[in-house]
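Labels run A, B, C, D, E and F following the written order; every chain starts at residue 1.
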Amino acid sequence: MGSMRMCVLALAALCVAVTPAAAQAPAQKPDVPVEKWAGKTILFIGAHADDDALSHGTLAMLQAHGNQVYILTLTTGNVGTQDPRLSRLQLADIRRQEELAALKDLGIPADHYINLGYDDGMLEFEDRKAVVENLVYWIRKLRPDVLFAWDPGKVYQRWHKADHRAAAYLAADAARAAMWRLLFEGQISQQGLKEFTIPEYMFYNDYDFQDENLWVGIGDFVEQRVNAGSHYTSQNGPGWNNYNPNPSEDEMKAMRALVRKTIRTREGKPVEGFRYYRGLPDGIGK
Amino acid sequence: MGSMRMCVLALAALCVAVTPAAAQAPAQKPDVPVEKWAGKTILFIGAHADDDALSHGTLAMLQAHGNQVYILTLTTGNVGTQDPRLSRLQLADIRRQEELAALKDLGIPADHYINLGYDDGMLEFEDRKAVVENLVYWIRKLRPDVLFAWDPGKVYQRWHKADHRAAAYLAADAARAAMWRLLFEGQISQQGLKEFTIPEYMFYNDYDFQDENLWVGIGDFVEQRVNAGSHYTSQNGPGWNNYNPNPSEDEMKAMRALVRKTIRTREGKPVEGFRYYRGLPDGIGK
Amino acid sequence: MGSMRMCVLALAALCVAVTPAAAQAPAQKPDVPVEKWAGKTILFIGAHADDDALSHGTLAMLQAHGNQVYILTLTTGNVGTQDPRLSRLQLADIRRQEELAALKDLGIPADHYINLGYDDGMLEFEDRKAVVENLVYWIRKLRPDVLFAWDPGKVYQRWHKADHRAAAYLAADAARAAMWRLLFEGQISQQGLKEFTIPEYMFYNDYDFQDENLWVGIGDFVEQRVNAGSHYTSQNGPGWNNYNPNPSEDEMKAMRALVRKTIRTREGKPVEGFRYYRGLPDGIGK
Amino acid sequence: MGSMRMCVLALAALCVAVTPAAAQAPAQKPDVPVEKWAGKTILFIGAHADDDALSHGTLAMLQAHGNQVYILTLTTGNVGTQDPRLSRLQLADIRRQEELAALKDLGIPADHYINLGYDDGMLEFEDRKAVVENLVYWIRKLRPDVLFAWDPGKVYQRWHKADHRAAAYLAADAARAAMWRLLFEGQISQQGLKEFTIPEYMFYNDYDFQDENLWVGIGDFVEQRVNAGSHYTSQNGPGWNNYNPNPSEDEMKAMRALVRKTIRTREGKPVEGFRYYRGLPDGIGK
Amino acid sequence: MGSMRMCVLALAALCVAVTPAAAQAPAQKPDVPVEKWAGKTILFIGAHADDDALSHGTLAMLQAHGNQVYILTLTTGNVGTQDPRLSRLQLADIRRQEELAALKDLGIPADHYINLGYDDGMLEFEDRKAVVENLVYWIRKLRPDVLFAWDPGKVYQRWHKADHRAAAYLAADAARAAMWRLLFEGQISQQGLKEFTIPEYMFYNDYDFQDENLWVGIGDFVEQRVNAGSHYTSQNGPGWNNYNPNPSEDEMKAMRALVRKTIRTREGKPVEGFRYYRGLPDGIGK
Amino acid sequence: MGSMRMCVLALAALCVAVTPAAAQAPAQKPDVPVEKWAGKTILFIGAHADDDALSHGTLAMLQAHGNQVYILTLTTGNVGTQDPRLSRLQLADIRRQEELAALKDLGIPADHYINLGYDDGMLEFEDRKAVVENLVYWIRKLRPDVLFAWDPGKVYQRWHKADHRAAAYLAADAARAAMWRLLFEGQISQQGLKEFTIPEYMFYNDYDFQDENLWVGIGDFVEQRVNAGSHYTSQNGPGWNNYNPNPSEDEMKAMRALVRKTIRTREGKPVEGFRYYRGLPDGIGK
């Protein structure tokens, strides 16, 4: 694991005779367009139930096209409310139900939802090695063809709020660690797993989309995204301050309208944007 | 605490139909110009006594205009000397006296100075959860309308030397944590505090001012800044190598001249620059 | 250790009357061109044996010109293989022999190779204070005129994969800590060392060379770099998957060709690029 | 802080010519019987509200006799219930009210109750240095003549369940640290505190009373203990499984009967037992 | 979770009118003799494959009598060899095979063997909260009627070598934590588990058997223990220095003889001794 | 590294047919009396300069008899003073000079004094793995035949004040770790060291000598001990409160008298007592 190998193996063409002005790698593209992916295993890592919301169109499309989508959420989301009546456990239960309802709308089966159970808002303070070890376990177990994760940054480390920051870096570190059979080797000798190298990555952000290089058309999946996103009533709309377990039809309509507004367009068409990367996990930031 | 809520609630306008080229949020501005602020509680968080020096004009102005300015310093500054005769405790005492003298010149009362007592140069190695908890305590106790802090970065994580890096990120993390009643809940159930959301932020830097979006005119407070800054004789001028507790009048004149040179101008007028941010603490880096 | 001193002492000219557009410091240059350096002590800090490979031309030149070059590697590199037959200890031994062979080709004596013995891939999880303390020890002991290290970033924190990220930041933090006699003072009172301030820095990267400001012509040392780099057969070429302790002459020829391709050129001449910095370690990111 | 000083200064008589069989120090006794103490400041450190319950008779007596008793509880007790309806915050509130009601019965003012707000059941996992620093703060602030704490053990380390284990050792470590002006020196240089050496100790246990050497007669304070202890209805009796905020008079009678049964006797008289120690905190285990 | 409840609920009889001389609880005994246990779920927690060896007779008996025995081993045992040819992974594989062979001889199915995969010799340095969380997971999942674990000590903390020390205390701490639904609540809200209180404990030691209070007659299971124990050839006999994957029949005979010698007797009969405890996990050390 | 091997290999005789009453191992004795040891390498590990004071007679004897004695002190002792004028660095310097003066009187060369430079009073809070790694380094480098260390306890964990507690357990853990070539393997692959098993141990205490099983007659070395011990003037006598770098002859006489009183006798003869242990480090507590 050193510098020269990366250059020799992965970027050889790039390394020759570059001048500083041209040193940045050309934007990467998948060999097969995302819209044509099939038969792939997809792992989405987020910090909270609803971190997947901005990618719901893409995830619905992938699941519909015969891929297996897994959603791994690091925390229970048991803190994020301004409703003074909710307890941690109540909120954790609510958010789980919201997520399962959303996944159902996306066509993703409930047993594809993995929640590691960490406390919301505290991920940054957990033992990083232990969290990485848990993520490596799931990467080696599911062996995803594609990882969706918060973008740890291109060239420079991206700023995220604390939980997202942890989720971004720990996912990248786990992708790296998973490929070495001599790391977390107890998983290999004792738990029937094998090392695994994730080949493709879709990094997502919730602001400043300058590093994006891939826009997935979600025209056929807008309604699924709208329906799925409307379940997060504890996090959006009036429920954030005053949670209502049984929203009225009008409230749900308002929720759907809110979600619909979050959909970005590009040349008039609804899209979801990502920073796509293909290659060894060591080069995720390149 | 997830991604979609941020988009839905806070940035809804921005999220619609953005194209990558326009994805960055427009520079934010305070509703009321800083020069007209009154009746606000201001909390300044720094790593060392004198981290406030580059903002002294603004702080003096705010205090003069009927705001309450509090200076919270994380470390005692007990390491930063090249004078071979000074011990840690001596230096800590000197720096406290320097800071109190500076605050006096700014009109800030001595009991508005809060020093958390960490060792200089070691903040990066303290338990981060414990430091954040201490900062959350003070945020919930003082309930500031505005937080001044080292800039953790816009979009990308800013580079700072170790103590400043810790101060920048831990302040941002504490601002985030303070708003949730289910985090550090012992402060709420046992210590009479309530959760609190800081609404406005003024981030400062000591180099590369590209991210600044707000310049405060300090014309009427230049002399206060010069006088206040001239007290840091253990950190600037000859005292860094050879501390003199009783500098001569000439030496103080030289100190004042040094401080005067640090004042930046903009269109010929003395200013202090900041990255202003208003919104939920989760979006500090946006 | 505060903000104002940095501005007053080191950047006074810069701090006066800057406007945001011009706020970035001008690219720094060494007083004496690197090609003329002599009699200097050079410390190279990397995470893995072969992190020095992209600087081999410069290092060979410096050693040839009468400087003393020391290579400090933090980890044993005992994880980075895809050959299923190699154990940690075998790989650590192989990588040590590869590095010593490379250094021999560069003219750097074997006893200038310092390996701190951490486990490959786990540096990010080691106690950071303990690693910094070890690096401070070597900085104070060798008292280098120049430090080569992974670039921690200019203005923004650079993204590196986990071990390189740790190596970049811990090296910068150690350079900072080494200068204060009141930090890690046991080294001073008990182990015969003195505080030391490294005056010059050469930061290296393996991708995105936009922050570089210095290109060292390595024309006379290309062959040494090619020969040295060809020893890393466990990391490049077929040995990564299938290590061969006795490569054939053809295989070595292929290795040399691979290395030769990694050499960058500028205006047709072979160069190695760096971000050069001179000044107090606190300003490394400026 | 070494071994010989302890022997020379504190135990000189003991160290001379001891034979192994007689090497254990004679049981210590206070110069003035506890029953006659007056004008002392007493600090009680426990892990949970109700850890003081087994010492309530003694604490009531001390407060009645003109001593100032402070109760410092490390955790909020927000976990210890088998009632499936209670949340963390509800339980923390309940336990605070129970403790304040108990203290009122003992004559101890509400502002003598200090709760550090840590999560119940997790104290063992908090950063130990940070907890010790907080305890040192309170020791230096209150400057107690006597410390009551869970017994860390005589000669051998005592077994306690996790929170009590942490409370026992951290209290002992804090008593030790508080006496050195060069430890946690930020409290001294910045927060107006001075180092302080606690001279006397009363260690308590909830089982195996073999190490006790002091029994305090609580005959006149039995009723206060019974009344005080009866408030802990969330922890004892039916409330542990099914908390009732408004217990009936019969239920309270049953609670009082339960508490009464916990009172130990010695030679027919109600007592509370302790391991008393006087001397430097370094010798607490001797 | 405080002191008084323990006394009131669990030890009320004991707490009344005790005198110090009689303060120690009477030796506990199971209601039903171990030899008659059936239908129970048994969880054995150890640090290394073969920590169960000294209890093999009892475990074989329990499995034969219709109980379900699970063996949870914390580490892979990948360090404990003096054979200079073995690597970590080879040793981990060998030890797993040895353990599975032993369990087969005991009648325990292979899928009752759970190995958490930690590195041998390093358990003491793992994040304790993360290890406890993992153990709590398994306790809540298997819901054992009886826990076998290294004895953390009676009244005083027992000395064990580093891994065993960690295993003893972390098992006790996990038993405690598992019973509270408000601890590690993510397991409950997200992973389908429920809090669980282990009612009975069998603590084992490998030296100084003074604290034992229960001896299980293993007369009918001696041969199973001898056969099972003879598989640990990498840890005993010549294999410790010179591992032989295919020991001769003579070598196996010698192994069996070695194991036979480790069997203790009491009144002429083969036994295995334990410290039995029944009650709340908080009182494990009582 | 498991339980059965220990029993089979090291304690086989003991394990057979023991009854609980006889389960404790017989007191161990060295094959050759300590008074006749020669040609051995002796490593003494303590937390503070002067932790060796109670063993000075034995150490002087061993050095005089042709053994090589090394004193390794973990901390600089830079906190232990009640003299309000001394700084950390001054005290560290003083204590180093005191120790070197003492060692000179014992005949131990100055370069046999190794100080790891940790801060006094903070050892308990250092990263334990890093400290153990440092101790393993010195054990593997010096390869001692005998280790002197604070007694971690026999059967039960001994109580020591914080630094001594850390020193006792970390020394025992380091002795254990040093013997495994697969632990801290970077020292072996990169730093020219080999695994090493310390065969004999002399554990010392400063109180409660019940566990001692070996008394070394120091009749011929009493004066050396008295002279050596008299140098610790910053820790004993008036210097603890009021350090005098140039004590008068009378003051030194008083110091010598103080030290003389600390010498224990047995059957009228001056002795130093130890708990002697021989065997694998895993059994240190047995």
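In the analysis below, contacts are C-beta pairs under 8 Å (C-beta built on N, C-alpha and C of every residue); 3 or more make two chains touch, one makes a residue touch a chain.
Since the model is a prediction, treat every value here as computed from it, not as a measurement.
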Chains in simultaneous contact with chain C and chain F = B, E
Key: Where chain A and chain E overlap in contact partners, by chain label   = C, D
Request  = Match interface C-F to one of B-F, A-E or A-B, accepting only the pair for which over half of the contact pairs are the same residue numbers.
outcome  = A-E
Message = If I list every residue number at the interface of chain D and chain E, are over half of them used by both copies, so same, or under half, so different?
response = different
Inquiry  = With centres defined by CA atoms only, which chain is the most remote from chain C?
reply    = D
Query = Can you give the whole-Å distance between the Cα centres of chain A and chain F?
reply = 54
Task = Report the inter-chain centroid distance for chain B and chain C in whole angstrom, where each centroid is the mean of the CA atoms.
result = 34
Task = List the centre-to-centre spacing of chain A and chain D in whole Å, with centres computed as mean CA coordinates.
result = 49
Ask   = Where in chain A do residues touch two or more other chains at once?
value = 78, 87-89, 129, 153, 156-157, 181-182
Request  = Chain pairs that touch, all of them, please.
outcome  = A-B, A-C, A-D, A-E, B-C, B-D, B-F, C-E, C-F, D-E, D-F, E-F
Key: Residues on chain C engaged by chain E in the complex (per definition of touch)   = 87-90
Remark   = The residues of chain B that touch chain D in their complex are 75-76, 78, 88-89, 92-93, 96, 115-119, 126-127, 129-130, 181-182, 184-191
Task = Sort out for me which residues of chain C touch chain A in the complex.
result = 46-51, 53-54, 77-81, 84, 87-88, 91, 120-122, 124-125, 153, 156-164, 206-210, 212, 229, 232, 235-237, 240, 258-259, 261-266, 273
Remark   = In the complex, chain B touches chain A at residues 1-9, 11-12, 15-20, 23-25, 128-129, 132, 152-157, 172-173, 176-177, 180-183, 281-286
